[in-house]
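You will see two complexes here that share chain A, one where it goes with chain B and one where it goes with chain C.
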Partner chain A sequence: MSAVAAKPAAGGAMNPGAMAVGIILTLILVGICYVMSPGVGLMALIGVVIGGILIGFGTHFVPVGGAPAAMGQAPGIATGVAMLATGAGVAGLFGGAWAAETLPATMDPMMQLLIVVCAGGVGGGLMMAITCMMVNFLYVFGMGIPPASGKVANDPITGDSQAEYKSQGTEGHGLPFVSFVGGVIGGTLGGAGGTLIYFELLNLYQGALPDVMNVTAAQVLPIAVSLAGMFAVGLFLVNAVLTAYNITGTIEGPHDPKFKRWPRSIVASAVASALCGLCAVLIVVPLPI
Partner chain B sequence: MEHIVFGIGITALAGALATVAGSAEDTESNIGSQGDPNSQVQLAPQMGFLHRIFNKAVAGEPPAYGLWCCLGAGLAWAFMAMQFNAVLAIVLGCVFATFVQGVYATTAYVGRTASLAKFGQPVYVDILKSMTTVTMAHAFIAIFCTVTLCHLINTALGHPFPLPLLGLIWGIALGAAGSATGNPYYGKERQYQNQKFGAGVPISASGNIVRYAEAGERNSIDNGWFTAKIGGSASGICFGLIVFLELWRTVVFEAINPWYAIIVGVIMILIFTVIDRYIEVWARKTYGPYTAPKEADA
Partner chain C sequence: MSVKVEVIEGGVPHNTILIAGVVSTLVCIYLTYLNVVTQTEMFSFFGGLAVVAALVWGSHTIKVLCSYGIGTGVPSAGMIAFGSGVIAMLLATRVTNLLLAPVVALILAAIIGLILGWVSNNVLNMKIPAMVQALTEMAVVGALSLMGFAALITGTFGFSGLTTGTVSMFGITLLTHTNSFLGGCLIAVAFLLGAIAIQHPFNACLGPGWTQDRMLMLTAECAFLSMIVAAIMSLALISAGSALISLVIAIIGWAFTYKEYMALSKRDAHSWLDSKPIPDVEGH
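And then the complex of A and B:
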């Protein structure tokens, strides 16, 4: 079929076959990890996949308007999807990594995981709350424009009518309340997902690197922290960019029809995270040859 | 107790540095049209509006600042490993990172503008010479402040991440906060100064950016001067609040009980939610609707 004869891009359509292939690919990658490194390696990979899915799902909540938002032509934050989601996520990762450092080693591992992931989530949510608030501050007090959505007649949370607050010739502007809430949820999920990836990889490296490098646990700590941090930032970018392709440009938040595309994105995030996570695990697993 | 007081002092200093960094970052990106409004600068010649606006947007602000801050922090870290004084090491690292920014700005402007040759848009050498140095100066301030606050976080507050990784993280966050807050003010309020105040730019007006100043043609230094007043300040406050509150809740409450820092973070999110809702309601009441209320065709 030529490009001309093809149907218009059905952005929201799900392809069950492709999704099944994605799930099978993920299972194969997890299976390879099980063969190469059962136990801690497998646990780390599962943590990375769950973290990647959280990032991919969370990015759908972030209200991003791109270039039209910068002219007050469309609602959302005037920057790219991957840009903003990554900014919030790494801010959460910063907080989560700090919390991981200060927790006593004697604490229950599950409780440690819970605290670290919550700290990362709150860090990402706080970054987005401040950013979204300042965006509305600038629209209202700097430019005299009230927030208005172009996708719904009434704000699903507050019930405020939107159509009459859209200025002529635009799709809306600023961040209506539902978009603000979506931004905070997106930042929270992203921060939690990124921190989960960091924490799982850190535990793996702290346990495996001393044997691989023949050094003490204290000597290996800076390398383990740096390595886990770099992989976490890298996996964040992978998942945020994948989701940006799924969103195709702009999204207003959870009330936007594009939000319904999330199942497709989390399958893609699971495959990409499993592949990247497998590489992250295998660098500390000696090959059986 | 003493270390908490010391931590709060460092937190305040880091917050102040972040505020300056956010402000300089937004002004730098506006002079270089690096945020989303670059689309209009690129579109204008295609619509027949030739201009003298600088345009160096070949990457988003977050990855660009992630690169420059990571480079500055990495070089500073290398100089410190060579036993250089920390202040000298940070300054040298940031100077080298700023040179990379200058190379980036030069190639980006020449490349983007040359692609418009078929529409008759010239590459102005005088613009290249005068604007690049101004963006480099602003970029140095933004990178220096960010790398310094990363150094404080690393050495004084004891964050586990090494300096280059902190530079990457806070560089990305700086670009995200600066572009999110500052872009609409440059895009709507400055580039479309000929449109009505208090309303978005109609889609039909796209590309018709303001090209003339009080005397002669407008250039990007005029744009930096204009946006520094509100867009730059708001971006600075945004990034300053992010850094200060993130550090403050951790420094004060994490040592007492890790859950306290999380609970305080949630309370802060709720406070910002209330403030945001107040701003929205205030705007709707004060400015009123553009048209008579009717059923929307969503």
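And then the complex of A and C:
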């Protein structure tokens, strides 16, 4: 069977047993972290898991069209889930990292976290808003097609009817208003999640790496930023691809029937983030070998 | 016109490629340890050869996985390979005994890949038979390729070697953390060099006319192309002579695999026309 002819195998069904095992696995991984590195390490891991869940949940809002959208045969942005999730997350991460640099060190840590995560969310949302708008410009003025949803009769927000504008033989095309709003919400959640992962790991490394490497805090800064950034990108890609596996192909936004699959994605993201986050925390713990 | 097809559909079994890939990658990474034994940096190029071996194995794994039509595009497989691989690789470099690092990276990546595969198949209900094994293999490929890049660029694969560099100022050599594989974030470039090289070959060669030897040759070509860039980056961290050895080996490897790939493409093509980039319009 070639990849061209094959159909996505995943269905919409939930698997309650596996999801329960997944939740227990997450708790076990968090427990290992509590034994190995209580306090700062555990806080960082919890932040990473929350960030991963935000990415997994947020991606379901983003209108992903894939190859059919590029030909104007399905609504959404014409690329894959993994690329869009990564784009929103990395754009948000840049916004959050910039905010983290400019904050005074004397500020309350909780306030710092809030500002940095909000800045990351705005960065991700802005990136997605610009992408959605330019995509619609290209669809409407470049390809000459009106935005129309194929999954609902009326736009859930504006109430506009869709069927008259939908071409025969397509699943809809362009980005209807609800997809645009979904994209911005998804980008905001993804950007905030990515920034939360980065900021928690950065704080952990800035605090613990000077002791591990026997150097001063100023010398360790480039290593801490680079390590936190690489782990954040790695975690981001893992979560984005798992969410892509959950969606299998295209999704129109929050009104799409596939949106109801989000609980599976949350469990998957929690397991993956706890696992990868544990590795990220263990790098500052003295190892027995 | 008679078409000569040397390799039938399937070709070399996947398990053979898997075993050959693991063994040759690990051997090549361990050969860079000759740097420590002989107190030089001349053997860094073995890191690049480890990358080539790992990527050839990894692209065939992607073929096995993506033949099922996972509905997310082939590039996502390369992204999860390096996303989970970088995490295992970074933690593995932290082990005290440097010689254990590649094996620890392999085991750690396998555990991460195994759990991610289980999550995809059961929690996300993908139900793809090859999923668990493929994600396990790809995490290992990602981790070992990054370790190969690290060895190629810095000459070592330990945490202290990756975080410490030297900078010469007025004839005095100083230790610095900014001028290093991790501190300078060269790892981000290595990450994408590997991720693009692993996902491109199957994405480019898939379809009814897929042949195994052509795809694997394209992978080797992409891997040597990445090695050229990494060898140039290694000029910043290891001695110029050692970096030039890597660069020359990468260029020779690339030129050879490119020539072979073009020959295989012409073999598999129905017919071809050697057109020039700028058509000659004289006489019209």
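In this section, the second predicted complex is superposed on the first by the 277 of 289 C-alpha atoms of A that agree within 3 Å, B and C clash if a C-alpha of one lies under 4 Å from a C-alpha of the other, contacts with A are read in each partner's own complex, and residues count from 1 in each chain.
Please note the rule applied: a contact is a pair of C-beta atoms (placed from the backbone, for glycine too) under 8 Å apart; a residue touches a chain by one contact, two chains touch by 3 or more.
This is a predicted model, so every value here is computed, not measured.
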Combined model on chain A: chain C and chain B, fit or clash: clash
Contacts of A:N246 with chain B and chain C, given as first, second, both or neither: second
First (chain B), second (chain C), both or neither touched by A:G234: second
Dominant toucher of chain A (residue count), chain B or chain C: B
First, second, both or neither for A:G72, with chain B first and chain C second: first
Partner chain(s) touched by A:L103 [first = chain B, second = chain C, both, neither]: first
Contacts of A:P222 with chain B and chain C, given as first, second, both or neither: both
Touching partner for A:P16 - first (chain B), second (chain C), both, neither: neither
Partner chain(s) touched by A:G159 [first = chain B, second = chain C, both, neither]: neither
Which of chain B and chain C A:T86 touches, first, second, both or neither: both
Which superposed partner A:Q168 touches (first chain B, second chain C, both, neither): first
Overlap of chain C and chain B interfaces on chain A (superposed complexes): 66, 80, 82-83, 86, 222, 225-226, 229-230, 233
Parts of chain A lying in touch with chain B, wherever the complex brings them together: 66-73, 77-80, 82-84, 86-88, 90-91, 93-95, 97-103, 115, 118-119, 122-123, 125-127, 129-147, 151-154, 158, 160-177, 180-181, 184, 222, 225-226, 229-230, 233
Contact footprint of chain A on chain B as seen in their complex: 35-40, 60-63, 158-162, 165-166, 168-170, 172-173, 175-177, 179-189, 191-192, 197-206, 230-231, 234-235, 237-238, 241-242, 245-246, 250, 254-255, 258-259, 261-262, 265-266, 268-269, 272-273, 275-277, 279-280, 282-284, 287, 289-298
Contact footprint of chain A on chain C as seen in their complex: 66-77, 79-80, 82-88, 90-91, 94-97, 100, 104, 108, 112, 115-116, 119-120, 122-128, 160, 163, 177-178, 180, 182-185, 187-188, 191, 206-208, 210
In the complex with chain C, residue positions of chain A that touch it: 1-11, 13-15, 18-19, 21-22, 25, 66, 80-83, 86, 213, 215, 219-220, 222-223, 225-227, 229-231, 233-238, 240-242, 244-249, 264-265, 267-268, 271-272, 275-276, 279-280, 282-283, 287, 289
